[in-house]
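When the chains are written out, they are named A, B, C and D in that same order, and each has its own residue count from 1.
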Amino acid sequence: MVITMHEGCPKMEVAKVISALRDAGLEPRIISPDPRVVLGVVEEISQAEAKRLSRDIGGLPGVEEITNFEKSWKLASKSFREQPTTIDLGSVTVGGPEVLVVGGPCAVESRENFLETAALLDRAGAGALRGGAFKPRSSPYSFRGLGEEGLKIMAEARERTGLPIVTEVLSASEVELVARYADVLQIGTRNMQNFSLLEAVGDTDRPVLLKRGMMASIKELLLSAEYILARGNWQVMLCERGIRTFETETRNTLDLSAVPLLKQYTHLPVVVDPSHAAGKRELVPSLALAAVAAGADGILVEVHPRPEEALSDGRQSLEPSEFAAMMERLRKVASAVGRSVREAAA
Amino acid sequence: MVITMHEGCPKMEVAKVISALRDAGLEPRIISPDPRVVLGVVEEISQAEAKRLSRDIGGLPGVEEITNFEKSWKLASKSFREQPTTIDLGSVTVGGPEVLVVGGPCAVESRENFLETAALLDRAGAGALRGGAFKPRSSPYSFRGLGEEGLKIMAEARERTGLPIVTEVLSASEVELVARYADVLQIGTRNMQNFSLLEAVGDTDRPVLLKRGMMASIKELLLSAEYILARGNWQVMLCERGIRTFETETRNTLDLSAVPLLKQYTHLPVVVDPSHAAGKRELVPSLALAAVAAGADGILVEVHPRPEEALSDGRQSLEPSEFAAMMERLRKVASAVGRSVREAAA
Amino acid sequence: MVITMHEGCPKMEVAKVISALRDAGLEPRIISPDPRVVLGVVEEISQAEAKRLSRDIGGLPGVEEITNFEKSWKLASKSFREQPTTIDLGSVTVGGPEVLVVGGPCAVESRENFLETAALLDRAGAGALRGGAFKPRSSPYSFRGLGEEGLKIMAEARERTGLPIVTEVLSASEVELVARYADVLQIGTRNMQNFSLLEAVGDTDRPVLLKRGMMASIKELLLSAEYILARGNWQVMLCERGIRTFETETRNTLDLSAVPLLKQYTHLPVVVDPSHAAGKRELVPSLALAAVAAGADGILVEVHPRPEEALSDGRQSLEPSEFAAMMERLRKVASAVGRSVREAAA
Amino acid sequence: MVITMHEGCPKMEVAKVISALRDAGLEPRIISPDPRVVLGVVEEISQAEAKRLSRDIGGLPGVEEITNFEKSWKLASKSFREQPTTIDLGSVTVGGPEVLVVGGPCAVESRENFLETAALLDRAGAGALRGGAFKPRSSPYSFRGLGEEGLKIMAEARERTGLPIVTEVLSASEVELVARYADVLQIGTRNMQNFSLLEAVGDTDRPVLLKRGMMASIKELLLSAEYILARGNWQVMLCERGIRTFETETRNTLDLSAVPLLKQYTHLPVVVDPSHAAGKRELVPSLALAAVAAGADGILVEVHPRPEEALSDGRQSLEPSEFAAMMERLRKVASAVGRSVREAAA
């Protein structure tokens, strides 16, 4: 159930509605404070109770409209919020005219490596840094990341470059720790339907980068975003990163149709990760250009100072010089579609 | 790193090896107590340290062999353990000559419904009861199950029928609660790579039913099983439940080749869920017969007393009379391949 | 447009209807002679013309019903013909209680090899022989079969064993040649939507074994069968042989759900080819048993006297002794589901 | 077997090599006349014979190198021919700096419609016209095109606009007829492995647009191109048009990674058809921009003057005004990646 208040209605009226809902045993949330206050009730309510509540709450001053959820996504839809959602990361406002470029290694491997890479990325015009401190690995015997040590290294890189940090969080119990260091919480492809994790990041005030499951449909991606929005966190970026198909020449098949499709369905920003989809570095620049031409609000690219030495995903990581060359081409394509990319240092 | 002790070596020798590993800062686990003690060290170890440890530990009395993990599965493989793993559920020993049949509704909806269904299933020869108390739902607005109330209802059904209970657990933080009531912990298809959940059920003494991700390869399923085995819990059943393909006539495509393939690769029992794969009740009996003919150690079938009223998955649920008819046919096919299915009540 | 005549109506009445349709510039075909004559008009007709024809033809004596095609399959559907279609191959009637087992090598490689294999298959109880004389190959530089020489060798094997011959035809221009030797014309997976080939085999009086495209839906398979039926050839067997998915452990994923699904939709017999799906010989027997348990009317199995020497598909071919052992198990499963398999020679 | 002659060797030497091969019972073809003559022998040759031939032919004057085919593609590979193959269509040279844009309806439905569309496309800057005269249809009861009548209409449009015609040919027996009217022969997705059709178009002197099978891997696409090249026709454009995946929001999933991948493997031009992949007109412009950004040498777009009245594929057809708007954006993106698109009429 969603209660939309009149624009500019006094806080007292909002408080009264919240109080009435609490009296009914519900736990309303402010899911949007502006331009009008929107309250959400995500508990399951019987049709009879919904009817009764609609009547009672509908009579309170300041209430403009009450709508019931269907069994699908609602808050993420364009019909609910027409204007695009933008997310201010300091360096870049995602969802606006500037295209966000996030670069960095798959995993943070050492302080020296990461700080070196961060400086190079910053000079080349990256808008944010990525790196894994907690890595999901198919095998229990693979390198799982440096943990909090990795988070500290990334925080140090942020201090030096001023660039925000994007990093993955693997379980609900680690959200608080990761949120202490990171600027953007990433939900990985294997966790797109880890619903307790989605709710945990929905309870933070950190922007979330939600990767599409490699097996998930566009609709399921939107439903997973809905889990986060329904907890009151509206700063969600959706990320296409390749889906599983029969083709084995690429690690996954990048589904760029997802970009215009998502733009049609949702107000949330859409970013693309060509590195994980392609799995081969030589394909990454072409796919990054294509993503921006298709309308993406950002791209994530793996960069490693010495890819051949990377502990994971070296095969798909660009060298810093390749990254810088790609950025040059990206600026031209962005400009051709009316967007821009942060300039490189002179 | 896996340390295999000589058969029949004194406990003191095992204790000394454990102590030496602890002195090296590691946390060894007994991953198999018989016929020979096998110790596992799952922490990441540098090659240099592995070499040093192999030398030091290898010299201790009672140590037969030390092997290092490759970047894949080891404990789940047939080369590690030749004889099939069997899991004693009381009613049935899974992995032996008897084929386990688990029946029940998608979600536990009410006490009356579930107890009625449980009695009917018991009479028809089911070997275990299934039901969902915590349901993963793509949308945050769908029915998510009765929670602990549902667990209590299932426990009551167990008391009445003597049949063990199989139910899903959704997050690491709920494992302790669910394990208090359930006999078998089910990991659902969306959580096959929820690694913290895998480790949490690996830390219990409950058998685990691990469902294949709907877009996971056979190898990834084995790697996920490895996460559980590596924590010392060897009671893992692998479950084929359909994979995502382009075909839309069925909800998912049941991959029965997985049965002989898994039997070739692993010592763990293999069960099949035709209901979720087919998504249509009229296909379920044929696929259940096929699964048993292909060598499955068990099947999971959704049964609902009044499928048209089910809150979820009614379309694929058998009515109790259809279940009983299927069981009759299943007994004949099981017998044709040298297996058996529990008899119906006279 | 389909015109159904009254049961037992005189031939003269049928002739008058045909004549009236010809006067309208159409080319009607007798698409079923019994129990009632059914005439088909497959030319595209405008709605207005269909209306006029229905009125005119509907008034002629002997006409029971006139129906118009929808844009999908009609003749293949169970609603059009309730009783199962059976196809008499001499050795076995496909679609009846007996399960057809077709065995043989991927390609006919030499006279000696094929005659030796044919004799072994006959003794083990096979109901038909398969072998490729014209092979579709992804690369233009691969072995493409012995051509007519291969057909002659198969015909000789038929003379010696009495078993009918199943072989693939690759293009419309070769249908006449292949039909001169073969008892069953096979349409391969790559040609399921080669519509001129479908029409060419539809114009023969030979039974057709139509393989599902490796990426074709069930509905498309039925539509391709419709192309053959619409030319007046009703002896069509549908063959599930594996579809393309992301799983790489098997060559393709055998979709056994197709068996009960097709049985639900169509009156045509359904056979299964586990060899091409699995791509590994050790999986074939389990999948063959599963196919029969699921309700298949027949199975196709690749057999080669010395698989390691096969020019193609050796990896998935059974040795003759493995085939004989599989047949023993198959008889038991067939019996458990109320079917039978031809006995081995004493 | 491929025989490469020295650059500039006299014709007499080439003739002698051809004559020697003919004496050996082979049928050599000139598969490339420049910069050096390359002769191809595509008949299967035993290893012994290949060895003998290499020795004999290798000794003749003018012969630079003899290589044997492996069981895969050779002529299509970049290692065989380093410089990109370009195809001169009169209006545009495909594979050069200019990007080819082919527009037109799915099927030619009427003379008026097609001529009207052709004039609009010409004014908007299209480089070629497409239209179907022979349509492959899943159902035998769907509209199959106007046949030769459609070809004549397209030829008239070519006369009026000067733009070359691209149209599909469905079977080997129709190649001669279609080639009489068309400038480019299109092989559709269902026929990518119709090998007799591939050889038939390989025997013409018409450029071929080879669409990737919706189920075919990149490697299989190259192997199918090889069939055409091996007959001596080197004017082959490869076309990515979407592959089948589990996602149902789009008709197929456009695999834009295919563009840089193919560019890496082959010297042949690569074009992209976003219309059939997307199946929804509103996605087409974004995907067309993305294709050009990814490096495509051309795009195929369905355009219909009144999409809602189209007999087929109306849902994915652009209106002429949408096409013109897309062309404006396409020119900017092409320019950003160093390419160009033909200008619109002033």
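Descriptive notes on the structure:
Here is the rule we go by: contacts are C-beta pairs under 8 Å (C-beta built on N, C-alpha and C of every residue); 3 or more make two chains touch, one makes a residue touch a chain.
The structure displayed is predicted, hence computed values, not measured ones.
Common neighbours of chain A and chain B (chains touching each): C, D. Interface comparison, B-D against C-D: more C-beta pairs in contact at C-D.
In terms of their C-alpha centroids, the spacing between chain B and chain C amounts to 40 Å. Chain B and chain D have centres, each the mean of its CA atoms, that are 51 Å apart. Centroids built from CA atoms put chain D at 33 Å from chain C. Those residues of chain A in touch with two or more other chains are numbered 215, 244-246, 248. Only residues 215, 217-219, 243, 245-250, 253-257, 259-261, 264, 277-278, 282-283, 286-287, 289-295, 329, 332-333, 335-337 of chain B touch chain C when the two sit together in their complex.
Residue ranges of chain B in contact with chain A, taken from their complex: 42, 44, 69-74, 136-144, 170-173, 190-191, 193-196, 213-216, 220, 223-224, 226-227, 230, 244.
Taken together, the chain B residues at the contact with chain D in this complex read 215, 244-246, 248.
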